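The structure under discussion is supplied below as structure tokens; questions concerning it will follow.
Think of it as A, B, C and D in the order they're written, each chain with its own count starting at 1.
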Amino acid sequence: MRRIFWRIALYTSVLLVTTIILAPVCWMFIMSVSSMTDLTARPMQWLPATMDFSRYRMLLTFEPNSPGEIFLLALRNTFLAAAGASILSLIVGFPAAYSFSRLPGRRAPLLYLVLSTYMLPSAALILPIYIALSAFGLLNTPFSLAVVYCSIVLPFVVWLLTGNLNTLPREIDQAAAMDGANLWQTIRHVVLPLSGAAIGTAALFGLLLAWDEFFFSLILTNDLRAKTLSVAIADFAAGRATDYPLIATAGLLSALPPVFIAFFLQRSLVKGLAAGSVKG
Amino acid sequence: MKRILGALSIAAVMAASTVVQAQDIVLQALFMKQTAYSDKDVRDMTNDFEAAHPGIKVNLEFVPYEALHNKIVASISAGSGGYDVALVDTIWPAEFATNQFVDDLTSLVPPRDPIFGGAWKTGEYDGKIWAMPWILDTKYLFYNKDILAKAGFDHPPATLDELTQQAKVIKDKGLADYPIVWSWGQAEALVCDYALLVQAFGGQFYDESGEPAFTKGGALKALQFMVGSIKDGISNPRSTEFLEEEVRNTFSSGRAAFALNWTYMWPLANDPKQSEVAGKIGIVPAPGTPEGSPQAAINGSMGLSIMRNSDKKDAAWQYIKYLTSQETQDKYASMSLPIWKSSYADPKVVKGQEELIKAAETSVAIMYNRPTKVQYQEISTLLQQQIQSALLGLQSPEQAMKDLASQTSGMK
Amino acid sequence: MSGVTINNVKKAYGGFEILHGIDAEIQDGEFVVLVGPSGCGKSTLLRMIAGLEGVTSGTIAIGDRVVNEVHAKDRDIAMVFQNYALYPHMTVEQNMGFSLKLAGRKAPAIRTSVEQVAGFLGLSPLLRRYPRQLSGGQRQRVAMGRALVRNPKVFLFDEPLSNLDAKLRVQMRSEIKSLHRQFPTTAVYVTHDQVEAMTLADRIIVMCGGRIEQVGTPGELYEQPANLFVAGFIGSPAMNFLPGELADDVTSVLLGEQRVSVKAPGHAKPRQRVTVGFRPEHVRFCDSGGIHFKVADVEFTGANSYVTGHIGREQICASIGGRAHVKAGQSASIAIDPASIHLFDTTTGKALA
Amino acid sequence: MFIIVLGVTGYPLLQTIWLSFHSRPLAGHDVQADWVGLANFKTVLENAAFRAAVARTLYFTIVSVLAEAMIGVMVALLLDQEFRGRAFVRALLVLPLAMPTVVSAMMWRLIYNPEYGAFNALLLQIGLIDDYRSWLGAPGLAMNMVIIAEVWKNFSIVAIIVLAALQTIPRELYEAATIDGAGPWARFRNVTWPGILAPLSVALVLRTIEAFKVFDIFYVMTRGGPANTTKTATFFVYDESFAFLRAGSASSYALVVVAISMVLIAIYVRLLRRQDQP
């Protein structure tokens, strides 16, 4: 009897959690395929009379001076900035992580320093970055955005890779030294192949982080040459816009890539988050 | 499938961005979304311009009004990567001119006479013209004829007292939960509604000596009126979250008897595809008070400026000249009334919007200007906050205005 | 091939010294085992020879060349790690051939060398496998093979058998021994297991607390331990120790009430306090007249019986071939051959010799 | 590596500090920076609106992080049980996490919409309210509604971390505790809680720091309204620089925000280091 009660309580709670996570997203989807009149009806009809996918087509069709242009160009910019930041962070972050991992005694305080830069509010850095970029005429390009995003992505990548390299036995490096490998050969033949998965994870993490960024993009970009999705979405949703189905569609579509990455990455994402919080 | 579609589109985007030919001059132009000309209107005008001016291409960008000011400011430092032409609100020329963000257009603009004086005010500061007027706009009182008839009224209110009184009857008869809807969200739209009421009550922002006058006369009465109308339940309490589009939606769905809004609502609220009250609405100048101004109107005009760091100023001026020409404006007169006086005698312009033109004739003449201050942004920010705090019952109107006066005293 | 010369080597971390001046000479082709309890510095010494740890002071030479400043990769040595440290992403063949590849040898040459060593170690069927597909013993063998392929000047082993089960350990031990016999390369082998040391070594270096206690062949260490530490460390079961005092004539020692005759060296002083050591296998039970011994427990292991009990308050152990004829709780009498008694100075711990 | 870190973090930070002692317009012709000493900081610290914003930000931070902690731990405990579809629900946890903050903020704004929002419709249809209400336009309420959106987005991070920690607790410990006579509460108190405490605390400090920096969610949902009741500290930096064009005092605002964050970061680093030493 108690057991049955327990099962019922368990499944009820699971259902509740599932609903809480899914319901808002489902509602956004319903909005995206509804007509305005469906949405304004009172009392609310929860399911639209007909499913209308026209906004998806609108946003995914490139046509000059259309919402589709805004969305697709912003998607391109976001991708360039995020991928650029990710790659750049890996290129400089990997050697750094390797030295942190292999010389822990002396470098540990430096690692914490790097880590704490991740936590600085963007607002503390924005003005000089803005002034400097404008002096060089580098505002409003996805590539400067990529470099600036490194301030967020790089510490994270270093932290993730350091944790991962720490799990690689040092004897492996030493064995390579015994086999006559120099530092570069050790990294190239032994360490890099063994951290492939970690590098992939770090890259995708970096992509997620950069994809989510808003503040820098808001200030450092002006128009579709560099504006990213997060700012484009904020614009779509701002005060005077009222095409709610279109806004919902744009939101769903721009959430798709990171959600896809996250599901794909789920295992390592969870492991990475957990390892990070346990071990630092 | 969707992903593939997306990928293809990205490829298309990459390809498309190289289509522009090398010798073309490409202008970057910044506009706002909604109110007055729609995105589509501006795009159509621009296409016509490009057709008429080979060799000039215009990249358009639309941001919400709330982001417009900061976008312009942020682009100032972008060097030649910034905008060439930007839409500038009537409250900004003082700031933009003082900081030298925009060019002095005084020597370029056409003769003054054929254009309404209120329009010229839009871009004027320190005796010079910094923005060519383009959108001539003010707020009107829109009313739902059906609801008024059901409530037993055969005419729209002529004074604010009458507005209050009619609204009470409508509420009591259950014809609308909240008869009046305003754009009182924390934004410039709130300042526009407030300024209009200040004029109605015969008040002013600053007295003759340049000191803040918020605590006295019409400026205080306007706020007391706003607070009272929410307390009495005749104004929609959700107005404190609304901007213009929410006002339009509420009014268009027939849930409000009265709404204060810009010209652009007239065609849209009369469009059966977007409105449930099409054909049942009226428009009049916003009512005033006997002791103040008999009618009220706020100058919500906007102009087009050439950014100081643009390196394509000739093409930029050609573009502005085209957009502000009487010909172009007449063609799109249903979305935004022309700045040209003679247009109002043109049957093509008047046709279908006689009611609007009639209201405009009164309103445009009396348009009230928000103060021309270099620090207007800051003053407006404080004003919005204090008005809202009174509207939301956080403090009394008197206290709010007192705080505001001391906060803004000494601002340039 | 060349020997290793260690000259007054010290190692300190921060201000903390853990090796206090080590001197050792390892001959060309010799198999030397470094043995000692954990923390004695034996692994550190090995890693310094390998070049994985810096030398604080003193010199290490391989052959005639001082290698203090030479990078590990250039010392021409091979090392077998405790956890094998095989490259998980390489097959057995790639693991074994990696050093040759780095040295720039051609693929066919690498293949020949690897196959030769693999055949020798019985790894030929496993060449295509990855380390994770191998058993512990096989991995150990691959680690050995990887070292052998290089044909280095010196072999280093860092407790290579400690991750194996008891039976496999014995088997690998003899394989290493026979390998060394076939390829008599200088080898330095670290272990904490004295049995491993005794069976493998040409010479053993016993270390404790960052110092060398004694260097010698297994036989020398067993028969002539230089001090109490070595005496207690080498041999299983361990040597018995009893406190005693030399008699006036220095030919006998007083253990409490009882007198046992010994062969004391000439410089021993009368009435000197000494520690008397004797190994369990040198204890004999006699009918009477021996030392009084109270039996506490008897363990029968098959070939031997270990009898533990007390002389006075001291616990000692006796090892008897076959079954013991005494029972727990019984009193007995034992005798020790004077020739097999070791005498140590109680204050310095040094053997009286 | 350090060049990049310096380039994108170190140099700007020093510049911000330099700017904070100067009066400098953000942009315009002939921009000059004049030394003003501590005047900017005086303005900042004397600004009652800013102090209120800091208090508001702390309220937002504390309430949302506490809620995330409680919900996160409860969800983790729930998903640690055996039930059908567990893998699916666990996978679902990454959905809010991966959704861009701006999108989630926009989604919630649509849900709260006073005229069309699903939230109003739902409450009206189950009879909890009798008329649509303005959720983001009411002082006090607006902040808490944003907190709900924030918690929805971030409770899953806590849940994921705690869930992972739960799985590292050896089952034998529970068995041993049961044999020792511990009931469910005692088992939680003595086995589960010590096992999740360390990772949980790190997760929470991390969330705290991020919550204190908040900008985007408010920018999209309320823009600081109504009557400034959701205007957080970062908004002052944004307004001061890009609306009022004062780069100098904007830097001072930024540095005060940094100083408060620093305290939080110091706590975080301490926690990490303590865990590093086993």
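Of note:
We take it that contacts are C-beta pairs under 8 Å (C-beta built on N, C-alpha and C of every residue); 3 or more make two chains touch, one makes a residue touch a chain.
In this text, all values refer to a predicted model and were calculated from it rather than measured experimentally.
Using the mean of the Cα atoms as each chain's centre, the chain most removed from subunit A is C. In this view the innermost chain, defined by its CA centroid being closest to the centroid of all protein CA atoms, is A.
One finds 16 Å separating the Cα centroids of subunit A and subunit D.
One inter-chain figure worth recording: subunit B and subunit D are separated by 36 Å, centre to centre, where each centre is the mean of the chain's CA atoms.
Remark: subunit C and subunit D have CA centroids separated by 60 Å (rounded to whole angstrom). Multi-chain contact residues, meaning those touching two or more other chains, occur in subunit B at positions 66, 74, 77, 185, 187, 246, 249, 253. Of all residues in subunit D, those that touch two or more other chains are 26-27, 115, 223, 242. Contacting chain pairs in the structure are A-B, A-C, A-D, B-D. Residue ranges on subunit D touching subunit B, taken from their complex, read 25-29, 49, 114-115, 131-134, 136-139, 223-228, 239, 242-245. Every residue of subunit A that touches subunit C in the complex is listed here, in rising order: 169, 171-172, 174-182, 185, 189-190, 193-194. Listed in rising order, the residues of subunit B touching subunit A in the complex are 2-3, 5-6, 9-10, 12-14, 16-17, 28, 30, 32-35, 39, 43, 46, 59-61, 63-67, 71, 74-75, 77-83, 185, 187, 189, 243-246, 248-249, 253, 274.
Partner subunit D is touched in their complex by these residues of subunit B: 66, 69-70, 73-74, 76-77, 95, 99-101, 177, 185-187, 237-238, 240-242, 246, 249-250, 253, 308, 375, 377-378, 381, 384-385, 388-389, 391-392, 394. On subunit A, the positions that touch subunit B within their shared complex are 36, 40, 56, 60-62, 64-65, 68-69, 72-73, 75-76, 79, 130-131, 134, 137, 139-141, 219, 222-225, 235, 238-242, 253, 256, 260.
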